[in-house]
């Protein structure tokens, strides 16, 4: 009888777990692994030639022009990651903090802050392209109207501003996500702990840095990890706003674009190379997975049971 | 027999369906399904489908390097003058654009040529008493006059990377000159050549002065918009823009001219290239029907209809152009050099297009010099372009 | 000591308190404006002609000017695309939520060997660059003979949505009280019955979160339909509209009405569900 | 030195008023306990004193200074929360040092104070532990220590023992009493545990529904409750109220006998309050209220007999554990002289002779 | 009919054994209360009986049938959980109907039973409400009702009142007692509240550390505890244990006087157990243990004086509320004849004469 119960339970768990597992295995893991295998072959256009071992990896890492392209894209990804860390997660934290205080209108603000998240990237990209329009864009028009005409810029046309402009659009689009995750974290801080701090200090700064921040560590783990993964997989927004080449002159190039362009080619380059593209994808995946694992375990260790 | 026919020309759907009707009427038993895809992702989709073995029977392929990607992998059926007799009549550069360099085998029927030149708003020119300029200085003067009149002289923006190439060769071909092109091809000159760099200097001067404020942040659709709405007088672009402008603003009166050289005597050259071609899937089970269809696509009947309905320059010989503007473009084509980077430098990484686009963007934002560009192009291309490797 | 405390008393506290909340309120209002303005501009622009958009980007349009919408309506299979989108998104969501909940339930509810490994397996799915796998995926779909068939989309979306769904739901299901399960067991319910009648009704908020999380990218995706779907009558809204907008890259008015139309269903769904969504999202669902 | 005056304090949340005007004086070094049914406003009042919520109306004066608008951290008040509210990410030492440092004390002084508090609360060995590594009682002590280190004039404690189990509870209760004796600050303590209230308080404040019902020493409240609410709230099992009519020198219960009346104002209906230890049961007696035993409760040192009086009231009576009554037995209830309380039949106020 | 036998029941979680062999017989219609300190294994034992966790070792026999491998729902046992575990998404009616339907009862029968239970528990008016719309006491009743509808032979209740506040608690306690009398199933009840245990139980099982310390009626446990653990666990304030030496007919405390010994086996060291009501305090008396008053607790009907005996033990004594002792007063403690308990100094077992 206990045997029967155990097998019954085992069967039940199997029934539950196998179909979803199959989906992921069949439609994600298996294709990805086959695609990773491309990295070990030489390709001419769409034609697979010989097995070349790690040569493709060597090429993208050490041979010009790939080397500088890789470095440039990687550098931009790092900028994106840190910038979004501040703009998206940092702002998200502040917004969450403000929302958490249940000031008048908080409900409305909450809905508003998450609204852009439900928009598609295309919409966001088109909108912001219009905003950054050098002649008619809202940004420049606003600057001119408040007498800061000399600050008006061809935002998406200069290497100095293009990436940042796209980052700003991304932050606008996604700031709602960390906001709500942080908010969820904050709402799990027992009210009495906050009252306890208020008994001891008036300083909002102390309260945030010494109490709230350490206590939302679990939210921070989620948000940091997802941001990291997202920043290094960043594709759609720079693709639509800067183009597949990372215009102007590579200043908005990121690994996602670079890998896609290398694997599938683009109108201006014409060349497709699955070998190099896959090698890049493998490297990116290994990098993301490794760092994400480190981040997660590091941050998890910091988490406190409430 | 059912044929599927893939294209990235979403805007031409109606016209193609009409052509297909004609074809089907003439060839009972063959039906053709026309399917279009978003242009920027077309390569990905086509590669994927071909690699997956489910590609279309007949497809549009890009010319030059784009064609090689697909052809070399063996996905395309070789076309010969036997299977498609009309190919024998085509101009050599058109055929070259649809062939693999290594063995000169033809894989597609070229469908259109495109010309890089200057399009202008005839009404504005007339209102301000401006004639088509014959020299570079006249072009500058005319621009100044427009600017003084509060009209943006050129609508172009360079935020969209490939526009830089268009602007460079649309404006600069005459300045560079045919000789430079020939020497470059012969391997006796490279991009550090003064003819090339000084042309870049002039183009940059013009752009800084007469392109819209912040043009480096202006993307392609916005630039088109500026021109078609009548806010700007000129647009450096391709002959494919003519139809677009007309569609956007049916009232607009357009004119075209080739950007002039230093002096009126310098040959006025346009940049010419072949857009792409119609190719047959090597693995199609309906090869016969596909070849029949491609033969139709190579016929003069089709070429004429193509030119008339789509307002494009068909590559098929002896097609005449009802549209005076097209006729004029066709006229200008007689004096041209190939659209340089596309025709010759898109066979390796980094491609000439990628380099020139990036370098011009740098130049326009003041971060490099024409001489440095020449250097960068030459050394960059040397990575795979043998003539530069010394 | 009392001297020190007297000092406390004499310093002001009001300004500090009021000023601080005031500042936060200002941040919130500014942010909300910033968040909503682009969306409002998008909707406004949908009713304008292109020159109007350029000349007065902020202006309030004449809402009776619906020619942009009419253009989309008459020149595309809009209704068809919309229905297809609903079909694909709906079917994917049903699968994602069913399968995701099943997996999460097994992982979160039963302690069995390999549970954490399976969880890690799902999580790895979050970080994989699926775009790279487009060719193998395409061949897979071909071998399954579901190319040019909405099943291919539904399957890919389901697989893509499962990792995050399992991630969210596992945490949530873990927090359900054991006693409920025990009570149902005492009442004589089978495992399936416990899951279906007792536990699932209680994780509805988490399902809403997972649902909205996935519905957005699925609704908006145009990459996979571009590759898998060629038949016009099977196209989804974003794909159909991208194709369509390819012809109108310079007609901002049409563009915006296209964007507005494709965003509208999801925005409406979001607003309708926002109450549940925010409540679920903030009631500790994320763990 | 801490002298607190609450003057006409009201508190509204949105449109519901939960405190309807509280007037209370609390002297230096007093130990005041707030009791009252759940939801009567005890915690709310405490939070107003602490400054955690704004006062809607009225004035709170501490040592002659109006406190209404002073920030919580500047009032010289420390609070010990029901759930302790220790900072989970800090160890015991840091928990105690946090507030002290924020007061601007120098390092040496902070250390000295913590050492002192730790010694008093026997926390020396735990200073490096995180809160989650402590037992309930230890956490409680840390929470008190944290308050102590700031040397406040006033301590507020909101149901500090409610999370502890019975054994720990009585232990910590003793510690708090000792602490008050040693450090001598003013303490305000909220509880709903009778034993805590009775044993700790110098002064008990009985609240009900946002109002103060009575203020007094435990003995006053027990022996002379001001009204039926206080009378039934204080004491366990609760006082039984019997509706009787005063006629001559007898108090008669509807269809069920009578008992002798004490000194009382005029005749009429009134409520007779009887505590379990103020009545005797007789198996056969002529005089007293008639009733039937409903059931008995044996508690070891005491036993309680519940008697359904003839008029339907359930009365509880204390007996010795050796008196055994069986359900349904008929008994007569007599009243111990002087142990009866009299309340007005209309408004429940104590009737004093 | 329900006769439960637990025979050598052990329970291990991974490698820790939490029940070390429980032997217990429970008769039909008995009301058995499990008490013991937190973590001693009460809930675990209940869950083994319910079948929610597998028994590691030993046998559970119900009405002569071995139950170890029978599914929970087939044992004829119902359980009321500490947190009620009502299905939050079902209304009261559905909560009660869920289990009944799963038993395969037909619709009419389910309805009949629910009507019956609802009437008994006064839930008729609440049948359409969701659990969150009920007060604590009402939820409790629904949880009981859910058990009732299945007409089980055995009811298990795990700390069913611990979530209620004091007033509600005593109310629901009375209801449970009444219920047991009316429906007459066997009830097994876990609590750590003394009063509940003493008042409800036919039989109390005192557990400690995964073992049964003593089984007996409340009176037996209170009056003849089997060892010091039971002695100090039952009764509040707890029994004081004084280390004394038995010499002749005296029991002498280290440096602090002596009291008369009762009938006792041989001389030597032993522990003297004194309940608060078993000692008297004298301001001046020659005989007894010497000590000093540490503090007093006034509880209205009783007062307790805590005396620090000369050997350092803290002793609690009950006095009348009118006896006022002040801290530090010297007192002598004498023992009420017959009220002393004697335990072995070595293993704490009761020493019976």
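Letters A, B, C, D and E mark the chains in the order given here, with residues in each chain numbered from 1 onward.
One rule holds in what follows: a residue touches a chain if its C-beta (ideal position, glycine included) is under 8 Å from a C-beta of that chain, and two chains touch if they have at least 3 such contacts.
Keep in mind the model is a prediction, meaning the values are calculated, not measured.
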item: Per-chain CA centroid nearest to the all-protein CA mean; value: C
item: Interface with more contacting C-beta pairs, comparing B-C to A-B; value: A-B
item: Subunit A and subunit D: spacing of chain centres that average the CA atoms, whole Å; value: 56
item: Cα-centroid distance, subunit A relative to subunit B, in whole angstrom; value: 37
item: Chain centre separation in whole Å, for subunit E relative to subunit C (CA means); value: 53
item: Sites on subunit A at which at least two other chains make contact; value: 135-136, 202
item: Multi-partner residues of subunit C (each touching 2 or more other chains); value: 13, 16-17, 54, 134-135, 222, 242, 252
item: Overlap residues in subunit B, where contacts from two or more other chains coincide; value: 39, 44, 47, 51, 222
item: In the complex, subunit C residues that touch subunit A; value: 13, 16-17, 20-21, 24-25, 27-29, 31-32, 34-36, 38-39, 41-42, 45, 53-55, 57-58, 95, 99-100, 102-103, 105-107, 110, 112, 118, 121-122, 124-137, 140, 155-156, 158-160, 162-163, 166, 191-192, 212, 216, 219-220, 222, 238, 242, 252, 255-256, 259, 262-263, 266-267, 270-271, 274, 277-278, 281-287
item: For the subunit E and subunit C complex, residues of the former touching the latter; value: 47, 50, 52, 71-74, 77-79, 81-83, 85-89, 98-99, 102-103, 146, 150
item: Of all residues in subunit A, those that touch subunit B in their complex; value: 44-47, 64-66, 129, 132-136, 140, 152-159, 243-245, 247-250, 264-273
item: Subunit E partner contacts - residues on subunit C that touch it in the complex; value: 177, 179-180, 182-189, 193, 197-198, 201-202
item: Residue ranges of subunit B in contact with subunit C within the complex; value: 4, 6, 10-11, 35-39, 41, 44-45, 47-49, 51-54, 220-222, 224-225, 228-229, 244, 248
